[in-house]
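Take a look at the structures below.
Two complexes come next, and they have one chain in common, subunit A, joined by subunit B in the first and subunit C in the second.
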Partner chain A sequence: MLEGAINVLTDEVGPGANSPGGQGNGTTNPLRTGGNLVQLISPAGERINHPEFDVWIKDVSDYQLLSLYEDMVVIRRIDTEATALQRQGELALWPPLLGQEASQIGSVRAIRSDDFIFPSYRESGVAYCRGAELGEIIRPWRGNALYGWDPHRINMATPQIVIGSQTLHATGYAMGIQNDGADIVAFSYLGDGATSEGDVNEAMVFAASYQVPLVFFCQNNHWAISEPVRLQSRVQLADRATGFGIPSMRVDGNDVLAVMAASRIGLDRARKGGGPTFIEAVTYRMGPHTTADDPTRYRDANELEDWAAKDPIVRLKSLLSVKGLLGEEAQASVQAKADSVARELRDACATMPDPAPLDVFNHVYSTPHSWIDHQKDHYSRYLASFGGSSQEGAL
Partner chain B sequence: MSQLTFARALNAGLRKSLENDPKVILMGEDIGTLGGVFRITDGLQKDFGKHRVVDTPLAESGIIGTAVGLAYRGYRPVCEIQFDGFIYPAFDQIVSQMAKLHYRTMGRVKMPITIRVPFGGGIGSPEHHSESPEAYFTHTSGLRVVSVSNPQDAYTMIQQAIASDDPVLFFEPKRRYHDKGDVDEAKDLAQALSMEKARVVTEGKDVTLVAYGPLVKTAKDAAIAAADEGVAIEVIDLRSLAPIDFPVLEASVRKTGRLVITHEASQSGGLGAEIAASITERCFNYLEASPVRVTGFDVPYPYSKLEMHHLPDLDRILDGVDRTLGRPNSLSGLEG
Partner chain C sequence: MIKEFRLPDLGEGLTESEILSWKIAVGDTVELNQVIAEVETAKAVVELPSPFAGKVAALHEQPGAVVEVGKPIVSFEVSDDAPAATAAEAPLPPASEPAPPPASEPAPPPAAELTAASLTARTEATEPTSGSPGEAKPAVRREPNLVGYGAFVEETGRPVRRARRLMETSTATLPAQPSTRPRSTPPVRKLARDLGVDLASVPGTGPQGLITREDVQGYVGKDVGGATEGETGVGQPLVPDGAAARERTVEREQRVPIKGVRKHTAAAMVASAFTAPHVTEFLTIDVTAAMDLLDRLKASRLFAGHKLTPLTLVAKALLVALRRNPTLNSRWDEENQEIVQFNYVNLGIAAATPRGLTVPNIKDADAMPLLELSEALSTLTEAARAGKSTPSDLSGGTISITNIGVFGIDAGTPILNPGEAAILAMGAVRKAPWEFNGGVALRQVMTLSLSFDHRLVDGEQGSRFLADVGSIMSDPAMVLTMV
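Moving on to the complex of A and B:
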């Protein structure tokens, strides 16, 4: 019974996806804009006109389109290199972003530098574009610290591992923006699995009640480790938001222009006092959940093939090629940039200083704390009993 | 100096914090228009506005999670959890986020959040309204945990908690809300005793009796009763539950050689265990008897007609005192 019931949701993307099927057809929901699935670049690389969304990306020049392509190639290269570093034992773990490049680049390139981002743990590409150093991006995955970048330097919180928690932080941050009367926006990433979490639902209640300047950007990559999105929701995720009174859109998350347009719509609405927006970017996690995962245990190879045909980079490359923007020289330049970033990443990993033993006690509190001081003193004596050099590190 | 109830003293302390720092924001269920179910925030929304004193949706995780976001933005949120038993939906945001963010970011992000929790029993309430969950939080690194026992401390310590750059769990003994006491509202916060310090409230040479929150009054009454029998109990109001001010406890135990700890919370894995173990480690050679705990039982908080059996009272505390003194007591003949 349950098996039949949860199959109500259709979650296909691409040709045919605009036909009504399953619940939550956007055309009947006044808070849903853009139709069932907004697509501005087809998987074959054709530009599809969509008057409502086109106006939001009409300023994107050929040069900028090429730049988006370069971003996507570079973050895929970062992902490949980091995955290799994990396989070589240099990183303890890595959450690949393969397949989600358009979702990450299309959104982050729409966000202003003074807006504040609350990511999950997979937004390494977002962090890179935000100005995080490569060593900072991999530092927590190497185990050298629990965080990478200074959130206040790049206006982006550290990766959030507890699923969905960051949506409440983003909502609170947006409440603060509202109090300050600032024209900035909080932008929260989340995944399809997160939509089942209580915190995400509470975040939507708070955000809607206070009408805060916030964008919920949900990358529906179809899999929460081994659980398919249909286990999380009987309706399209974008329709969940409208139940809270939050306007939503459902866009092709492998289409960098559709993602950028939707992000700009949400950001603009928030900046003008129009409250929160929920964006469902329909994409696909082509790799494992993390390097510790084995997706062959729970999904078909056919499914992966279907999605490979909708690859976000391939389709943009086709579009650029047709426009005559991606000749050999341009392609070589993009590749050179990606290779250079990969080398830099590897170097950053190799030269990262290890923390010192007594660093374990640092920063638990902002001011001295008698219990910590007591334990640090005792452990320091213990370490000193073996002789040797200073146990204090640079962190 | 004025006579204020515990509740009014808290209200005055919150008002002072709101006046002194525009980044202070109060948030919680029913705290605005209604002034809180215990009226602790009475009148504050009227005077400071809906953006400083915020009525929130009924979602405890949402309250703490959004407070974390506000702290990211530079605010200093003060959250009210309506009753002790309703804090658990917020547990994850408290333990995994608020408590850890400073450590996670190596100090780049501060979490100056105060969570006010009316706690403890003795008011004849239905389930979930009389709990003492403090040990969950004293066991969590990154939090500071305090409990107040009198109107003056309520007034000063709420301001100290709000001014702290670390997150503070602030436990208020709800059954003492209507007790009156002297409050010096002109007292300079910098001159007031730090909320991290324990205080000897009754001096004595025979037994050290450690209490906090609602049981400080009971402990003081026990000391008065014991004095009639020639036993001088030294009562210590712990005030800070994490970290515990062990030097004050050590000094007392070195003098008395005997230690009794009392709290409403269940016994096993509780604060009494931590204090007994730590004091035993620190001043074993001064102890004349093993430390004794007089606490709530290891049961869910019971129905109100039985709560007087669960809650330590004057007589049970004195029975514990007798145990440390080797005087006849309820367990005479049972223990070594």
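Moving on to the complex of A and C:
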């Protein structure tokens, strides 16, 4: 379904559609059917020219292309190592990102460092590229903390487990940007299942109404745990957004360049006051929903095979090889980087200190709060009643 | 250095998993993250990657074994200086030197006004090392449980959900088993776990059958009494599985080498049974008053948070009665042709542990007030069940109690723990029609069985002792006449 599917961005909202009192916007995003999917690198690794998207990535040099590849290899390796750590009892849970490397890297590498990212729980690769420490990425999954990193340090919120809630946070943040008159953008990740949630629909209503600087980046990985996307939506997900008056694009989410171009278009529109954009990156969750899930229970093995043929890393590797950019030395270097990151991740996990019982109170509010202090005081006296021996205290 | 790999919780809150197959054998050299076993949880079949690089020293479980989370399954011989993480082997072509990533060049400003922002790979110079595993695809191949329910699949062809095996085989043949867990709340579940109560057998009085804290406490206190307290029992619920048994294709006989705790138990029992002439006496008593006392004590501030069971009271009654009948607390020293009279009591409690029967004892139990005694009982039995009894716990006992009531049994002829003069078996606390105030009433009744070494103890002394224990248990106030 991906083959040769090149399409023009047709999402510009016609003038007047969003103007006060403007009525129908039925002409925006004309109904798409079939393979209306933007693709700049074919599954075989050929560069496909595109009259409108090419301009958005023409600055991507060979070296940068190689660096995109490196990041994708590294985050796949992070994913593999974290999955192993879960199987070894070091992490309680891990949501794998296998297969979604191009969607994550292509988008995050388009985002400016002062833009603010609101992720779901699967964007570990995004967090890595954003500068989160490896220990910070796995900390909540080890159960050592309720958060990963300081959101203000890397301008990225901590993982949101509640499906789709982050889109509301992002919308609110974007409204704040609007009030401040800043030229930054809120960038919210979500999944295909989230588009069925009330939160996301509310977020799109507000984002469209206020024309906030926001990009909804939806990784359609085809499965909401065991629920296939085709049962959730009778239309393509990108078309759900147009119902709210939000222009949308549908790109090959396993094509790092297409993802990057689409992200830049969305960010540019937002920065220039053009309002929100919805990007559907069509990708595939090649692993389980989390390490506690068994996809073979509900998913056909053939489907996995089909998607393995569209692997984002293999595709970019072919392109790099054809361009002569991926010699042995470069390969070894990328591999060494991935290995060292994997080792660093394992070390961070092994040396992570356990939290103290009272730590749970520390980051509820950013400022002192009398009721939390009250609870903390009670709890500390409760703990003390065990006579000093370290107790979990719960229950 | 030997390192153990303990079975982790592979899902979210799972308590056990089945080893399906081993991918390694003792003596094999394994790499970090090499797949060592295939394991089936309630949720999925998963592959276990090795957490260490080293040599396989022992496999602790056989394929087919259902293993509790936290139990060691493999031991590795790991070289002392090699932390697990560094022993890894690269998954793909092994990396030699980590050349500086080519990506770290600053990006030229992109087209339009766009973000030059982050067009460089996230490459901090990290030291080069090889990491680990490769394509460990978490892909698995069976279909135990479904996460979520899923919708009906349109007839579009491919992913068709397979029928559940369990459903096919079970509907008609399997005896009814509670299919859902009893409704309760986490704190009450914990309480039940602590008290050794199986929630499935507790009737819930809350809304929609919710089992409340009071239900659990009431169940422990009254309904089954001794039979619920799990002091000595491991409390395996007996699951009727006739159909499953028929399906099973095991050999008709199995030969297991005699070793370990079983061997030790056998030797001790034979030695005891054939050196000490045993006499067993029985006494059935109305323990309603004692059970009421137990309830009052449990509700009292003094005992809040402490585990009080019928065993606690029987132990205390035995200790009081022993003071009046010291010959029951003595030892026959054949070698020196002497009778050793103990002026202290190390009270043994027979405990059925996962490893077999052990009789750890509470040192100087006679000097303990009830509160301390209840604590000591809890500590002792917990340690025994966890297999953590120390050699000192297991030696030096002077008299023992065995609680056969936890198995729903009334009476028996217990065999003496070698070297001790007496052992008391307490039966289940049952509701039974019983003489009360000249009429017949439904009372809580228990049978005590006392075996003693007739070389040391005459029928008279044994009988007096048993009568004393019985009189305390049927009317706890009688203690006032004995101390």
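The rule is simple: the second predicted complex is superposed on the first by the 325 of 395 C-alpha atoms of A that agree within 3 Å, B and C clash if a C-alpha of one lies under 4 Å from a C-alpha of the other, contacts with A are read in each partner's own complex, and residues count from 1 in each chain.
Just so it is clear, a residue touches a chain if its C-beta (ideal position, glycine included) is under 8 Å from a C-beta of that chain, and two chains touch if they have at least 3 such contacts.
What you see is a predicted model, and the numbers here were worked out from it, not measured in a lab.
J.: One more residue to check, A:F206. First (subunit B), second (subunit C), both or neither?
T.: first
J.: Kindly classify A:S226 by the partners it touches after superposition: subunit B alone (first), subunit C alone (second), both, or neither?
T.: second
J.: Where does A:D268 make contact in the superposed view: on subunit B (first), on subunit C (second), on both, or on neither?
T.: Second partner only, subunit C.
J.: Touching A:D354, do we find subunit B (first), subunit C (second), both, or neither?
T.: Once the two structures are laid over each other on A, A:D354 reaches no partner at all.
J.: Looking only at subunit A, is it subunit B or subunit C that touches more of its residues?
T.: Of subunit B and subunit C, more residues of subunit A lie in contact with C.
J.: Of the partners subunit B and subunit C, which touch A:D377 in the superposed model: first, second, both, neither?
T.: The answer is neither, since A:D377 touches no partner chain.
J.: Can A:P151 be said to touch subunit B (first), subunit C (second), both, or neither?
T.: So A:P151 only meets subunit B here.
J.: Regarding the shared-chain residue A:E52, is it in contact with subunit B (first), subunit C (second), both, or neither?
T.: A:E52: touches no partner chain.
J.: Do any residues of subunit A touch both subunit B and subunit C, and if so, which are they?
T.: 395
J.: Under the stated contact criterion, what part of subunit A meets subunit C in this complex?
T.: Against subunit C, the touching part of subunit A is residues 55-61, 63-64, 66-68, 70-71, 74, 77, 80-81, 83-84, 86-90, 92-93, 96, 98, 108-113, 115, 128-131, 225-228, 230-231, 264, 267-268, 271, 286-289, 291-300, 302-304, 329-344, 346-347, 350, 395.
J.: What part of subunit C is in contact with subunit A in the complex they form?
T.: Spelled out, the residues of subunit C in touch with subunit A are 5-12, 33, 43-51, 83-86, 88, 90-105, 107-115, 117-123, 126-151, 153-154, 156, 158-162, 186-187, 190.
J.: Applying the document's contact rule, which stretches of subunit B touch subunit A when the two form their complex?
T.: So the residues of subunit B touching subunit A come out as 25, 51, 54, 56-57, 59, 61-62, 64-75, 77, 89, 92-93, 96-97, 100, 102-110, 141-142, 144, 164-166, 196, 242-246.
J.: Show which residues of subunit A lie in contact with subunit B when the two form their complex.
T.: So the residues of subunit A in touch with subunit B come to 116, 118, 145-147, 150-152, 157-158, 162, 165, 167-180, 186, 198-199, 202-203, 205-206, 209, 362-367, 369-371, 395.
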